[in-house]
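Here chain A shows up in two complexes: once beside chain B, once beside chain C.
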Partner chain A sequence: MDVILLQLLNGLDKGGAYALIALGLTLIFGTLGVVNFAHGALFMLGAFCAVTFNKLLSLEVVTTDPTQTTAWGSPMEIRTPYVEAFLGDFGTWMLNYSVPMSILLAIPVMLLVGFIMERGLIKHFYKRAHADQILVTFGLAIVLQEVIKAIYGANPIPQPAPELVRGAADIGAAFGFDPGVIVYPYWRMVYLAFAGLVIGAVFAFLQFTTFGMVVRAGMADRDTVGLLGINIERRFTVVFAIAAVVAGLAGVMYTPILPPDYHMGMDFLVLSFVVVVVGGMGSLPGAVLAGFLLGILQSFASMNEVKAILPGIDQIIIYLVAVVILLVRPRGLMGRKGVMES
Partner chain B sequence: MSLIRKPLNRRSILRAGAMGGAALATPTIFTSGAWSAGYLNEPTGAEVVLGFNVPQTGAYADEGADELRAYQLAVKHLNGEGDGGLLNTFSSKVLQGGVNGKKVAYVTGDTQTKSDAARASAKRMIEKDGAVMITGGSSSGVAIAVQSLCQEAGVIFMAGLTHSNDTTGKDKRKNGFRHFFNTEMSGAALAPVLKNNYGTDRKAYHLTADYTWGWSQEESIKKYTEDMGWETTAAVRTPLGAGDFSQYITPVLNSGADVLVLNHYGKDMVNSLTQAVQFGLRDKQVDGKDFVIVVPLYSRLMAQGAGENVKGIFGSTNWHWSLQDEGSKAFVKSFGQEYGFPPSQAAHTCYVQTLLYADAAQRAGTFDPCAIAAALEGFEFDGMGNGPTLYRADDHQCFKDVLVVKGKENPTSQFDLLEVVEVTPRSQVEYPAEMLGGELGTCNNGA
Partner chain C sequence: MATKTSPMRDLIFFVVFAVAVLTMPVWLAPIGAGYPDLLQKFAIYGLFATGFNLLFGLTGYLSFGHAAFLGVGSYSAVWTFKLLGMNPVPAAIVAVITSGIFALAIGYVSLRRSGIYFSILTLAFAQMSYNLAYSVLTPITNGETGLRVLRTDPRLFDSSNAVDGPLIANLFGIEMTGYAGFYFCAVVLLIAFFIAQRIFRSPFGIMLRAVKTNQNRMNYTGLNPRPYTLAAFVISGMYAGLAGALLCITDPLAGAERMQWTASGEVVLMTILGGAGTLLGPIFGAALIKYFENIFSAFNAQTLHEIFGFLPDFIEVPVVAVTSLFVGEGWHLTLGVLFMLIVVFLPGGLMEGFSRIGRLFKRSSGKSDQSGATAPAE
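This part shows the complex of A and B:
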């Protein structure tokens, strides 16, 4: 029982990341009809917003201590971050909370990136075949990750969570299990709550605002909305930028869980596409549902008890489930008729 | 007069195209005169070309960059430039600027940490650039693949960072040599330290990278820890580059194990260790004992990636820049002055391998790979940072002291992350050559 609970929790936070990326992918596909293979790169760019913010805060005053030398004979450097030198304890607090604070940087940066991507490149491929869209966005993803590697190197760069949420909670003890058996990192709980909040905000935005109503109408029938004199293209550009922000924020908050490196976007991209297909192309609730479902299934498939019966199942479970669901429900769990069927 | 005597037609174009294609497709190895002398790529000019095959892109690009820095420094020192580095402390004194009267030049290749790409770049350096020796690494899978290619081609392969037993075990080759230690030595060095610190009544849970190095590391650590009384609760294989290891870590919590052995390297090690710490494993107690984590193979670059999570965690390493012998001090000084930071263990082994190759060539008086192999076999040397060292003739594995290190509790700089807790003497990590299987075969000089 304790093992099942643990894997369920594990699956939830992983599912949260899948759901956030898949949500953005679906938004873009549902509005613009573009299959965006650069979406994983947006997740990675978001993570590197956190790295950049931390590096900015960590810019150091470098002084040398002539009384000490390094092993290679140079004077020893003493480094103190500017924020600590100038702001004292508040500077230390800022460094401690650099990951959540970097959201402030990530939102405008990702909005801008999304806007430039859509206006500068993607819009030229609206009327092209999906294969062309895949090629160009995949190429863009490779360019973005190589740029990040050139700037930050290939090694993962750790981003610690704030000290307050650095440990793990003994959840099991609160429910009568043995102590230390069901423990769960605080930050993963924060991530899960954050994913829920962002998903809720996106749905609320689409459901309860005029802008959202127009976007939903455009998703259902773009031509009719255009005939009503509404510039739907401009709204879809904003949607693309919002999808970029969602992916970016997912990346920012994931950095304490997975030290970011240039390749992290690719690692999530393929799985997120499977999530979109399983959820149903163009279906936002489907993307969220499939994200959590596949995250949980992947966790369960990694259990030693399961792998003892089906060796290697943890590597193929997601694809296996995708095959089964597409056989039983060709449009995915919540796919709409007519999407990708023409 | 017309310049075109015969009118161009489809047939003549096809014929010319076929002839041109055949000429271009002929491997340059047949046409470049590479085999015209007594051995492949015998240098005839004023220079001898070495091939540095390192990961310049991909997951190990940072490690590869450090290796390349070390190779470039070694070439500089071999050509009599700079402060001479380890040539000043090396016990053999035959190198006096250049090798066999030739200036050392080099070409580089990008392995991308992929066996096929590494073989392609090594092949290119041998066939197109005339490299007489290939060196490099950062992955055992890559090193074994390139070693095999060098054997077939007829050049020497001086392995860089490769830690699997197989490199000088079941996959050893007469043309291949390794200075770096292996998983067998890691186990032999690490086990006594683990016993002293954690006792003999422990239950270990292994998470293992699912490829040749991971299997080799798991087998060695299991063998030595079980011999001292530890029980292996489970050994779980994890896919290379899994990213999120949480689903593999959570079963550890209720497995009854009180030790987690992470047979991971590079990015996998950074991620699995970070996540194991997040799941509170270091704060956990099992039957009154503190839960502990062990990382059998450490590198400083990895330790930087894992940050403060490495504090207090034991592992082994081939060399560390904080060593205080004359050789290590000379190398750190030379490298630090050149690049502004201390070298990694990967940089050290690559630098040393280049010098050892050059020294063997100088002693042999030729670049013939078989003569160089003979000069390296059974060669005993000192002054390279690991104490007295033997290049064992039976398997081409170097035997030297092995370091057991621990993540430092209070680092004084971004490079000061590991502290050496024990220098395990060479005698303690030696083993019979036949134990790891394999056959060296015969030397191939490409003639």
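This part shows the complex of A and C:
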């Protein structure tokens, strides 16, 4: 029982990341009708926003302290980050909270990236075949990841979580299980809450604002919305930018869990696409549901007990589920009728 | 290209192509590509892309998992070496058969869906094969280290029992390295190209084009497209398997990274770059990518400084800084940019570019071209 609960929890945070990326993908697909293979790259860009923010904050000023000497007799060098030198305790606090703070950087950056991508490239591909969309965004993903690689190098760059949430909680003990069995890092709880918050915000935005209403109408029937005299394309640009922000935020907050490197986007992209397909192309609740579901399934499949029965299952479970779902229920879990059916 | 087709024209076309391929060592030497290792790659990846084009170019089904067949072909070739001996012919035959069976199984399942679902399904299968080859199937694939032929292997029919020296595939005494290896690959490529040409011109090929153009109409006329697409998928998988076998014949080592989805992306790239749906395009695209990969990744800041040495310093430094992003390690960046440019501006690939240029010069044939360079169907 407790083992199952532990795996359930472990699956949730990964599922949260899948759900966030898949949400953006579905949003783009449902409104613009574009298959965006560069969405994983947006996730990666978000993660590197956090890296950049942290790097900026930890720019150091080097002062020498003549009263102390090193083992070689030269004056001791003291490195203090500029923010600490200028802002004192507040600077230290900022450095500590650099990951959550970099959300502030990530939102405008990702909005801009999304805007430029849509206006500069995706716009021209609305009318082209899906194969062309896949190909051009695939090319874009390669370009983005190579640029990041050229700037930040090929090695993963670990990002610390704030000290307050650095440890792990023994939540099993709180619910009456044996202590020390169900141990769950605080940051993963934060990530889970954050994912829930973002997903809730996106749904609320679509459900309760006029803008969201127009977008939903556009997802259902874009021609009619256009005929009603609404400039649907402009809204779609905003939708694309929002999807980029969602992916970027997912990346920012994921950095303490997985040190970002340039190909993390591609790794997540393939899985997120599978998630979208399992959830049903064009269905937002489906994407979220499938994201968590697959995350949990993956974590169950990596249990030693399961691996003993079916060796290698942890490596292929997600793809296997996708194949089964596509064959048994082609529309996915919650896909609407008539979306992307040939 | 070939707008009007007649058996005679096809034959001439094939002979010209054959002569061009076989004389590659001569006419490619001036641009620094006249050495066997690279030429082997041209032939092998040309073969791979030709096979991919039979599926994508004709039926419009975009498979994102073709590298799996390349990997299966490689593994079965190496296993044939291990069990039967270092003759490349049985290795190639076994590779074609196993990859064909593999493609039959995957194709049977994947072709139930079309469009992006098909792409995702093939991608899923390829990723499964890749992950399994790395983890559970290690006894068969030798995991990360890669599968290679060892001296202790049985090699039942091997004549040469030399105790020292590396194990190299040999065709009745001719070692498959250097130019001998290239000519072996080239002959295989020519045979495969001839078959592909026949398929393009056959009623079967026309059926495949019909699948791409309008599957609904095909259904209404009472034809079931599935057997045709499945046959195309299997043939295309066999081509990929053969290419994988050739990779092992020229260098008897098979690794799982050959099956990764980036490798599948690469063959898509080659086909698109050259021109999907044309006979010559994919081979051209494959050669171009392998050539530039080879040239560009050899560059470094030093060579760039030599190239741009004629510029004044204050221009040279930024020019070198920018271009160095695109060469050496950053060769993939060039590839990505190139890929985007091609998809955006020249959806028909370079072959379409050539025919556009050709049309500028002779107006007469301006009425009906578009042999296959239209946008891929879903």
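Note that in this section the second predicted complex is superposed on the first by the 325 of 342 C-alpha atoms of A that agree within 3 Å, B and C clash if a C-alpha of one lies under 4 Å from a C-alpha of the other, contacts with A are read in each partner's own complex, and residues count from 1 in each chain.
In this section, a contact is a pair of C-beta atoms (placed from the backbone, for glycine too) under 8 Å apart; a residue touches a chain by one contact, two chains touch by 3 or more.
Quick caveat: nothing in here was measured; it's all calculated off a predicted structure.
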Inset, instruction - Answer with first, second, both or neither: which of chain B and chain C does A:N10 touch in the superposed model? - result: first
Inset, instruction - For A:G229, select first, second, both or neither according to whether it touches chain B, chain C, the two together, or no partner. - result: neither
Inset, instruction - Look at the residues of chain A and decide whether chain B or chain C touches more of them. - result: B
Inset, instruction - May I ask you to decide whether A:G120 touches chain B, chain C, both, or neither, giving the answer as first, second, both or neither? - result: neither
Inset, instruction - Using the touch definition from the top, say if A:I134 reaches chain B (first), chain C (second), both or neither. - result: second
Inset, instruction - Pick one for A:Q315: touches chain B only (first), chain C only (second), both, or neither. - result: both
Inset, instruction - Check chain A for residues that touch chain B in one structure and chain C in the other, and list them. - result: 149, 315
Legend entry - Touching residues (chain side chain A, partner chain B) in the complex: 2-3, 6-7, 10-11, 13-14, 70-74, 77, 149, 153-158, 160, 166-168, 170, 178, 180-185, 187-188, 256-259, 261, 263-264, 267, 298-299, 302-304, 307, 314-315
Legend entry - Residues of chain C defined as touching chain A within the complex: 60, 62, 109, 112-117, 119-121, 123-125, 127-128, 131-132, 134-137, 215, 261-262, 265, 268, 272, 325, 329-330, 332-333, 335-337, 339-340, 343-344, 347, 375-378
Legend entry - Touching residues on chain A, where the partner in the complex is chain C: 35, 121, 124, 128-132, 134-136, 138-143, 146-147, 149-150, 266, 270, 273-274, 277, 281, 311-312, 315-316, 319-320, 322-323, 326-327, 330, 340, 342
Legend entry - Of chain B, residues touching chain A in the complex: 57-62, 234, 236, 239, 241, 243-244, 246-248, 250-251, 253-254, 267, 270-271, 274-275, 278-280, 283-286, 301, 304-309, 321-322, 329, 332-337, 340, 342, 413
